[in-house]
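Right after this note come the structures.
Below are two complexes that have chain A in common, paired first with chain B and then with chain C.
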Partner chain A sequence: MQQVINGISVGAVYALIAVGFALVYNILKFSNFSHGGVMTVSAYFGYFLASTFHLSLLVTLALTALFGGLCAVIIELVAFRRIRNSNGPLIYYFVSSITVGMLLENIITIFKGSTFYAYPGLASNTVVRMGSITIPVMNMLMLVISGMMLLVLMWVIMKTSFGIAVRAASFDVNTSKLMGMNTSQIISLVFFVSGFLGGISGVFLGISYTLYPQIGQMVVKGWIASVLGGLGSLEGAVLGAFILGMVEVYLVSTVGAGLSSVFIFILTLVFLMFRPQGIAGNVVRDKA
Partner chain B sequence: MTLFTSMLSFALITLLGVLGTFLLTGLTGLFSFGQASFMALGAYISGLAVIKFNVPFPLAIIIGVASGTLCALIIGIPTLRLNRDFFSLITFGFGEAVAGLLNYFVNVTGGAMGLSGIPPKTNLLMVALSTGAVIWMVNNFRRLKFGRQCLALKNDELAAAAVGIDVYRIKLQVFIISAIITSYAGALYGFLTSYVEPAMFGWTKSAEWVIMVFFGGVNSLTGAVVAGFLLNILPEVLRFASEWRIAAYCLIIVVLLNFRPTGLFDEYELSFRRKH
Partner chain C sequence: MRKIVSLMLLLVLALGLAGCGGNQNANQGKSNNTPAQTGGVAGDYILIGSLQDISSSTAAWGKGVVNGAQMAIDKINSEGGVLGKKLKLVNYDTKNDVNEAINAYNRLVNQDKVVTVMGPPTSNIGIALAPITEQKKVPIFGDFMDERATTKNDGTPWKYMFLGEPSCSQQAEISASYTVDKLQLKKIAILYNQANAYAVSHVIPFTRYVEGHGGQIVAKEIFQNTDKDLKAQLTKIKNANPDAIYVPNYLQENALVLNQAKQLGINIPIIGNNSYFYPLIDLIDKSITDVYFLNNVTFDDQEVKKFLGEYKSKFNEDAPLHAFFGYDNILVIAEAIKKAGKVDPEAVRSALENIKDVKGYTGNISIDPATHRPLGLSMWIMKIDKGKYVSLEKYLPPAQK
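Up next, the complex of A and B:
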């Protein structure tokens, strides 16, 4: 039971990353690795806010999220806008996003060094005990905030006109453009939302692990979750993230951290053999 | 070995890795995050074969390459039928799994401390000859029917399949050949440095190779060779602030992708024949 709780709280953070990832995949159909760079930069930004201005957790989160969103919008302008305008192949987006991710990570390394920073005590290390189960307050907060963010996002995607536009664009960007939608604006907004979530997950990662330049490489967890969840499906990504979190926690406690990566590799291989369409099961087909 | 020859050998071995990536990404558009792990496999397995079992050097290299091929088969057969992202995902998982195994079996592989004591058996001549042979081979591949089929499926898999190209088989073949080249490079690497550690072969290494391929131009073998060689040897020669190196690469690549997405060399190929 304790394992399940731990798995869920790990999974919640992965879910935030995975959704930020899947949002961009939804529209542009490429795996956006610059998301990791956004997470790194905002994790450091959050640290800077929290340590210099001694802001509370919620204020830090909100400011960092805005900052992350801004970063993502700038990245879209710098790294993807021109490729999109010239109708470049998907692999260019992919390489561009990886390069931007590496660039941001290296800039942080150059200016802040590769030393580890610990987030100042935003939330005390108190725990809640329920019978034999202990839950750190911080984990619970993360779970609640992530859950709330995901719900709000689902509402936005399903109910607002922005959400409808996003879904239309994710179905077919070019046709929606022909129908008179301002796709550039929608894409910028999607990047903002994705970066917003990236900022929050960056702070959470910084709190649960310590802060170091490679922290953005946790983006691969979100990537794995969103691919396994069914490419581009937000619900699938969330589900995939929770499953990944729980499997990881379980494996680390049974076979140890060293071998867990081996087991995860074998599990994904087997999973893809039996269910190549991912958890959510909508197959993304190459269009003719 | 002097500093210059060892530097040159390292650059050539990395060039081999870049060539494997060029074959895979340049010809078919597949993206492997675990390409560097094939190098790790080649280096570790051939190294261990010599250290633990006293296997003769040429046989050890063959064993290293064979294990790389086997892994490529295991990864390729189930995943190459699926969406390209799954292939990237599985190769990433493969890389993590290899690193996990190497770190776990401390008494065999030395764990995170690395494996040392591999006898130095390669030299510059051998590395240079291998690189030359691989360049020649890759160039021929590109011009054969095989290479044309690859280019067709890179641009449009559906259309390629429609004109009767066995997309799956071609992708599998390319992946295996690139794994062979990369694990061979790994074996050479191990016998050159006599020391390897798991951290050298992370997914960022594979990403770096892809970046080099794109720097030179995905469609140009000349570009890949020049980029792979220059980007390796320049920073060593100039020794300018090394921490800025990767950041500078990344900046250059972002600018290139934006303003000249076909890379420095576009489709240009160095040719020794007279143009008709």
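Up next, the complex of A and C:
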């Protein structure tokens, strides 16, 4: 039973990463690994806020989320806009996103050093105890926030005109542009929301796993979750994240941590080969 | 096709020539127009190489080593240097990467012509460098604790590799003896990073000692470099119902284990290696207690306190344990150069083999010529008690006395 809780709490971390990641995939059809860089930078920004101004957790989260959103918008402007304007092939986006991710990680290493930091006094270790089972409060909070974010996002995408625009753009960016939509604005907004979530993930990662420059490399887990759930599908990303969390914990407790990562990557490969559209089953279209 | 091949050949040739030219220039520049007589000397300086991680996952340590070494060098230079010359550190970043470290070692030997290299405190790199030193013949003195970095499989020492602190198996035995003999904890679980040579070579001798002295290993759980959530492993350990958990990994991983064990309500003693020094205490829950770990120095020592204060005022952060390693490494290397009487890697190597009683912060260092590791260095048992470090005692297991 405790292992199920462990799986859900790991899944909650992955879900938050995966949604921010899937959002960009949804519209531009490439895996945005610069998301890891945004998480790293945000995690340090949040630490700076919390340690210098002694802000509460929620205020830190809100400000860091805005900061993360801003970062992602800037990254889009600097690293992706030109490629998009010149109709560059997908591989350019991919390479560019990895480069930005590494760049941000190295900038942090240079300016903040690579000692480890811990978020001050944000009650990272409080747990709820039920009999012999313990549930970490921080993981519950993550679960609730990623759940809320997902619901809000789904509502926005399904019900608002911005959402319709996003869906249209995700179907075909060029056609929507021809139809007179301001696709650049929509893409910027999508990046903002993605970075917003990245900011929240960054703070939570920093609180749960201490702060260090390579923290953003957790983005790989978000990517695997997206593959399992269905690249570009938001519900799929969340579903994939929880499945990934559960499977990981299950494998660690049965075959051990060494083999578990091997199995996870085999699972990912199998999905890519036989069901690239993932569990949720959105048909992934290559950008024309 | 032919065109491409000939173009490539031309390119290789050009690069080769450029490389040679560069080298000559570099040498001329360094020797300040005085003819380069012996290796390791540039003008008025004796060059000591250094390979430390400055920008990657173990950079906190690498920087500590470099800063500590610089403090020793400043002190030695202010007292007149060695053999009438001043010491100078040439440090390259290994990025905690074996290939980067090998390239950097070759550069230190071929271009900078250093007399000795201060090695990194990471075992993976020490093991990889050992066979290369046999060809390059410039000794490395460092804190790679894995035995394989200093001795070959047949037990004979790597000629040019030297260790400055007790080795993994010595330290693991101290931990094991303290747990089983002193604390009387017999059912032990182990949680370690399987991808780290340093952690693995703690676990093997620890297990051997515990099982040979009436104890029992009830669970042995592993994780990988990228794993940050270890609650699944810890839950398994909890179900095995041990008296204590042995956690011998790098600092951040140890902090994660302590916090997550606390979250799961595991309230048994945790036994640690010598990676629980600053800043670990700042990374863990303040209510955590009953953590026993090894340390090379104690805070009760006035000299150590003074060093910590100086370090903080100089570098504006708490000194990691590795600052003491850097300091002591330079003391030993300087002593060896002094003993050799000349700035020559081969002569310094022989002197390093016979170093006796160099008084450093981590103890009186004497090198055993048979193993190239320190002899009879006891260690401090420290305890973490609600957000504080407490020194308990200096301990050597009966077997090592």
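Assume the second predicted complex is superposed on the first by the 275 of 288 C-alpha atoms of A that agree within 3 Å, B and C clash if a C-alpha of one lies under 4 Å from a C-alpha of the other, contacts with A are read in each partner's own complex, and residues count from 1 in each chain.
Here is the rule we use: contacts are C-beta pairs under 8 Å (C-beta built on N, C-alpha and C of every residue); 3 or more make two chains touch, one makes a residue touch a chain.
Please read all numbers here as calculations on a predicted model, not as lab measurements.
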{"item": "First, second, both or neither for A:269, with chain B first and chain C second", "value": "first"}
{"item": "Contacts of A:141 with chain B and chain C, given as first, second, both or neither", "value": "neither"}
{"item": "First, second, both or neither for A:110, with chain B first and chain C second", "value": "both"}
{"item": "Partner chain(s) touched by A:261 [first = chain B, second = chain C, both, neither]", "value": "both"}
{"item": "Contacts of A:252 with chain B and chain C, given as first, second, both or neither", "value": "second"}
{"item": "Which superposed partner A:98 touches (first chain B, second chain C, both, neither)", "value": "first"}
{"item": "Touching partner for A:3 - first (chain B), second (chain C), both, neither", "value": "second"}
{"item": "Chain B versus chain C as contact partner of A:55, first or second or both or neither", "value": "neither"}
{"item": "Partner chain(s) touched by A:244 [first = chain B, second = chain C, both, neither]", "value": "neither"}
{"item": "Common ground on chain A, meaning residues reached by chain C in one complex and by chain B in the other", "value": "106, 109-110, 220, 256, 258, 261"}
{"item": "Of chain B, residues touching chain A in the complex", "value": "25, 29, 31, 74-75, 78-79, 81-83, 85-86, 88-90, 92-94, 96-97, 99-101, 103-104, 155, 157-159, 203-204, 207, 210-211, 214, 218, 243-244, 246-247, 250-251, 253-254, 257-259, 261"}
{"item": "Contact set on chain C toward chain A in their complex", "value": "55-57, 59-60, 63, 194, 221-224, 226-229, 231-233, 235-236, 238, 251-252, 255-256, 259, 262-265, 279, 282-285, 287, 317, 320"}
{"item": "Touching residues (chain side chain A, partner chain B) in the complex", "value": "31, 78-79, 82-83, 86, 88-89, 91-92, 94-96, 98-100, 102-103, 106-107, 109-110, 220, 223-224, 227-228, 231, 256, 258-262, 264-266, 268-269, 272-273, 276, 284, 286, 288"}
{"item": "Of all residues in chain A, those that touch chain C in their complex", "value": "2-3, 6-7, 9-10, 13, 106, 109-110, 113-118, 124-125, 127, 129, 132, 134, 136, 208-210, 212, 214, 217-218, 220, 248-249, 252-253, 256-258, 261"}
